[in-house]
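There are two complexes below, and they share chain A, which is joined by chain B in the first and by chain C in the second.
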Partner chain A sequence: MPPDTALILGVILSGLLMGGVYALVSGGLSLIWGVLKVVNMAHGSFLMLSMYLVYWIWRLTGLDPLLTIPITVALFFLLGICVQKGIIRHILEASLVNQIFVTFGMWMLMNNLALMLWKADFRTVSNPLVSGGLGIMGVRISFPKLVSFGFSILATCAIWLFLQRTKIGIAIRAVAQDRKAAWLMGIDVDRIYEVSFGLGLATVGLAGSLLANFFSVYPYAGDIFHIFALTIVTLGGFGSISGSFIAGLIIGLAEAVSAFINPALKYFVVFGIFLIILLLKPEGLREAL
Partner chain B sequence: MRSYIRVIKRASLRHIGYLAFAMFLGVYPLIFRDPYFLYVMINVLLYAFLGEAWNVIGGYAGQCALGHAAFFGLGAYISSLLFIKLGVSPWPGMLIGALVSGGVSVAIGWPCFRLRGAYFALATIAFAEMVRVLFNHWEFVGGAVGLRLPVLGDSLSAFQFRSYLPYYCIISIFFVLSFLLVWKLSKSKTGFYWKAIKSDPDAAESLGIDTTKYKLISMFISSFLVSMGGTFYSQLVLYVDPTSVLVRDLSVRVALVAIVGGMGTIEGPVLGSFMMILLSSLIRARFGDVPGLHLVIFAIILVVMSIYKPQGMMAILEDIKSWIERRRSLGAA
Partner chain C sequence: MKGKLSTIVVVTVVLSLLVAACAPPTPEKVVETVVVTKVVEKEKPVEVVVTPTPGPEPEVVKIGALYPLSGAGAATGISCRDGVALAVEIINGDYDFDLPLARGKGLPNLGNAQIELSFADHAADPNIGKEEAERLITRENVVALIGPYYSSVADTASTVAERYGIPFVCPDAIAYSLGERGYKWFFRTCASNKVYVEKAYMEMLKDINEKYGLGLKTLGLLNEETLAGKMERDMELALAPEYGYEVVVDITYPEKAPDVSAEVAKIKAANPDVLIQLSYVSDAILFHKQYREQDWLPKVFIVSDAGHSDPAFLEAVGADGNFLLSRVAWAADLAKVKPMIAQVNELFKSRFGREFDERNARSFTGMIVLADAINRAGSTQPEAIRKALLETDIPEKQLITPWGVKFDPATGENILAIDVMAETLDGKWVTVWPFELAPAKIVVPVPSWEER
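== the complex of A and B ==
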């Protein structure tokens, strides 16, 4: 294969692999948005916290980021339930401005707590279990990204199956469709909210374990993922896991290709897609799927 | 008759409060001569001004605009660029910047106002981020390094001074004008239309209010004022870069002042600004070595306030007032 084609293929592959992780993070955001009708502006900060958790576990016990997956997923599921019980439950009926600013407050709180506790230093996990990459006919693929992609796909499929097949999953979808009707049918709406928020945060818990392998950890690490996730959820249609999966891949690809052309271009392209989708088709791809 | 007297009494109490505050503004620099105290008060007034501006779109018209950093930045950049590249005095520069910001806000608001709820907030965030990335990579405007304004010493036409006192006077005037403007607007037909749109856009529309038009008016005024604040800030620090004038934190801080103080009230942003800026100055003076501490405390106040007192400090004051009245009437009985 000529080197140019190989390079471009590598860029596309790497974009798609990152897109998988974006899809995972967005899936959680989308679930929370769809079920609770609250836009979680602190989603990226939870991701950052998860990355720090993974980093500190590795630093203090030497446990590899990939092996922390059960810990982060379980802890963030519980954290989600706590946040739902402690904060979000109180604002479900509040005005939109209040809802947005409560979650914005959480974003500010976590980012600055991280800054306070751990300074603005960039920290990286060295010598993770999976590292390096492989080249097939000149196309380079990074192992950590490949593994992350695999886990992300598995998790997204698991959530999708959970929502489609299990009793709680069906209840979650019922609540997302019509809160009141679901409540009249005897669904414990509060519990569904807790499970949904817990699941939403479990995705960032998992994403933290995956990203810490090849991403620096710093107090603002989550912010860019958050903006990307908002874009993806808007593109995919909020509440739709399959929508955000496809949108995640699209955004991952758009990011990689535009960054390949000019690194400065990538945010511009992503935010541009965000704005254009909002203006032209705010309901996203959901109906098309 | 009695109730009329009470209304007059109450209204005049409010006016006396305003007068007292105006006097306080006049006397403050005479009492606190230390530059630090002046600087703190400049910040308080700047944020009160910005909060007042956000209040027009967020508090009165009820639109969750989260990209005001873009207009602040545009104001700061346009006046600075005009001054550096063309030698235009920052005063007309400020006006041009404000008009451009207002125009941009209308251009962005016109399609965005079709969006309901969170989508409008997201669109404003996306827009502000795009502006930030653009300025961050645009070499003509200094890129990530930013622009440094030439230091010319005391010069009214160049909008820069050696001492803080002139800045204090300018921002006081800005603030008082914005306060009067918002006060007038809130009593005008437009103000009532905004309140109608805020409480129920569909009902407002069905009553024949051109909701898009009035939202655009609100957006224009809001961004116009915020942009003026941006020019003032750039002249105060004589330095503009994307991380200080175009970041998301700024958009949140501008709104935070109004939210904590009390959205949709004229006094709210003033109260919020005093509380937040004095608190943050105090924390920074006392625990300056702890980065982010003041923002952590802001965040806690914001979360707690939004959950338990969404109407802000003004509502707490109202509560205290009614509590005192209750006590008094109990005492009278």
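== the complex of A and C ==
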């Protein structure tokens, strides 16, 4: 393969792989929005917390980030249930602005708590199990991103199957479609909310385990992913898991290709797409759950 | 209807997000800011608002220190803050060092007055920096300001100091434009990028080319997008042809990006002999991992201090961070020539639990210079301090840096400031250039990833 083609192919691949990671973070946000109709502004902070959890597990026990996946997923599922019971449940009937203020407050609180507890230092897992890159016919692929992408696909499929095939998944979709009707049909709406928020945060837990492989952990580490996730959820359609996945790939690709052309342009292109979608197709690419 | 609703929500959310992403101040701070603005509007500052009352000598001299203590720049800001705090501890206490004001307590010419620091957090945001500088001057009544590491913040904060006629000592912002504004109250102790791009980078490259015959011809420039990066790029673009280099790739990238693989692919495609990079620490780590993943390195790799000199960088990338050349205003191995460095380092370690680094060394030195001027002024009147700053002439042997301090009255720049070049060898920054001063031998070209 001529070097230039290989290089461009590498950029495209890298963008798609990174898009998979964005999609994973966005999936949880989308699910929470779809079912609870609450924009979780603290989503990025939860991601940051899960990265710290992974970092500290690695630091104290030497467990590799990838091996922490069961721990982070389980703990963040439980954390999600607690947050739903303790905070979100009380604001479900409040106005949109109030809901945003509450989750916005959680965002600020968690970031500053992290700053207080762990200082602003950049902490990085050194020598993780997967690192470096591999070259196939001159095309360089980042190994950690490839692994993250694989997990992202697995997680997306798992959530989709769960929503389509299991009883509780169908109940989640019913609640998402019509809260009141689902309640009249005898579905325990509160429990569905807890499971949904739990699932939403479980994906963040997984994303934390994967990101800690190649991204530094610091109190504001989640914020940039959160901004991307909001864009992706809008693009993919609120509440659509598959939409988020496709939108994640689009944004990842747009970011990489525009950065290759001119790095100063990349946010312009990413948020330009966001604005155009809002104007032309505000409901997003795919229908909700 | 639903679509419309969600549109409104998303627009609100994203707007607030972008605002928050740009400036993450705590809610309390916003309130404070409003109050400050009101006070200022009411009083409408006349030339000099702060007029310390003459009469008995003050027991406490208040100095305002502006650093990024939250946000992505916080690790660096806290490091700088600790340097300033240690300098004040040495000045206020009685220490047997060869530094000005170390022996004997406080400022002797002001009745052994103690220095008190008022810290303010600018969160790397030029607007917050401006407001905080104003608050320190009008409400905390500081007699001078020190800080703020970020050049973009130095630009706005020193403009406030200029308006109120308060001395501003800048130990660490590097954008050369800061010295070209003709300000009366701005004094910079470190070298600007105008000085080090020419006197350190270009001269070192010339020396390397002559001594090792590497045939370096092409340059790649990689700079973050704020003022420091922009100024550095300007200087590099201006000097490259003068020294016979062709710039084959020139990238300015947005700070704190989640992914930089495309940027690295672009550099790899151009494959410059020399890469000069200026990044803050999170980006520096991300880029460095990408160089390995994409299996690329230049023959000579220059990094412009900044993020690469943060210990978090070498901690994160380990041995992969070896063979980088950086301009430094200070290096720990200079302790071989100056035993005082080791003494100060010991004290620093006992206070903050980590080694002294270049960022502390610069802010520490800036504070010593400012305190020395206030002491010589024998007064806290701004004009007297300014006059004393202009008369500053501290030789290199009385400081922990490899340079002394003497200000150019026209620009406020320290005409003695120079930078040396250090290389990361076995995970430590070691001075390697100028060759005659260097305790260690430079390693060029950079060994490829396979050769390591």
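Throughout what follows, the second predicted complex is superposed on the first by the 286 of 289 C-alpha atoms of A that agree within 3 Å, B and C clash if a C-alpha of one lies under 4 Å from a C-alpha of the other, contacts with A are read in each partner's own complex, and residues count from 1 in each chain.
Here is the rule we go by: a contact is a pair of C-beta atoms (placed from the backbone, for glycine too) under 8 Å apart; a residue touches a chain by one contact, two chains touch by 3 or more.
This one's a predicted model, so the numbers in the text were calculated from it and none came from an experiment.
When both complexes are superposed on chain A, chain B and chain C occupy overlapping space and clash.
Residue contacts after overlaying the shared chain place A:Y220 against chain C, while chain B stays out of touching range. When the shared chain is aligned, chain C comes close enough to touch A:G135, but chain B does not. In the superposed pair of complexes, A:A264 makes contact with chain B and with chain C alike. In the superposition on chain A, contact is made by A:I100 with both chain B and chain C. Looking at the shared chain after the overlay, A:G272 reaches chain B, while chain C stays out of its contact range. Contacts of A:V39 after superposition: both chain B and chain C are touched.
By the touch criterion defined above, A:L115 reaches both chain B and chain C. Look at A:T234: by the touch rule set out above, it reaches both chain B and chain C.
Chain A is touched at more residues by one of its partners, and among chain B and chain C that partner is C.
Within the superposed three-chain model, A:G186 lies out of touch with both chain B and chain C [touch as defined at top].
None of the stretches 1-9, 73-81, 145-153 or 217-225 of chain B clash with chain C in the superposition except 145-153.
Counting contacts by the rule stated earlier, residues 39, 96-97, 100, 104, 107-108, 111-112, 115, 119-120, 219, 223, 227, 230-231, 234, 264, 267, 274, 278, 282 of chain A appear in both its interface with chain B and its interface with chain C. Contact residues on chain C toward chain A in their complex (touch as defined above): 2-7, 9-14, 16-18, 20-21, 24, 26-27, 69-75, 77-78, 225, 251-254, 256-263, 265-266, 268-269, 281-282, 285-286, 289-290, 292-295, 310, 312-313, 315-318.
Considering their complex, residues 3-4, 7, 10-11, 14-15, 18, 22, 39, 41, 96-97, 100, 104, 107-108, 111-112, 115, 119-124, 126-127, 131-133, 135, 140, 142-143, 214-216, 218-220, 223-228, 230-231, 234, 238, 252, 255-260, 263-264, 266-267, 274, 278, 282-283 of chain A touch chain C. By the touch criterion given at the top, residues 58, 62, 64, 66, 111-112, 115, 117-119, 121-123, 125-127, 129-130, 133-134, 136-137, 248-249, 252, 255-256, 259, 263, 290-293, 295-296, 298-300, 302-303, 306-307, 310 of chain B touch chain A in their complex. Remark: chain A residues 39, 87, 90-91, 94-98, 100-102, 104-109, 111-113, 115-116, 119-120, 219, 223, 227, 230-231, 234, 264, 267-268, 271-272, 274-275, 278-279, 282 touch chain B in the complex.
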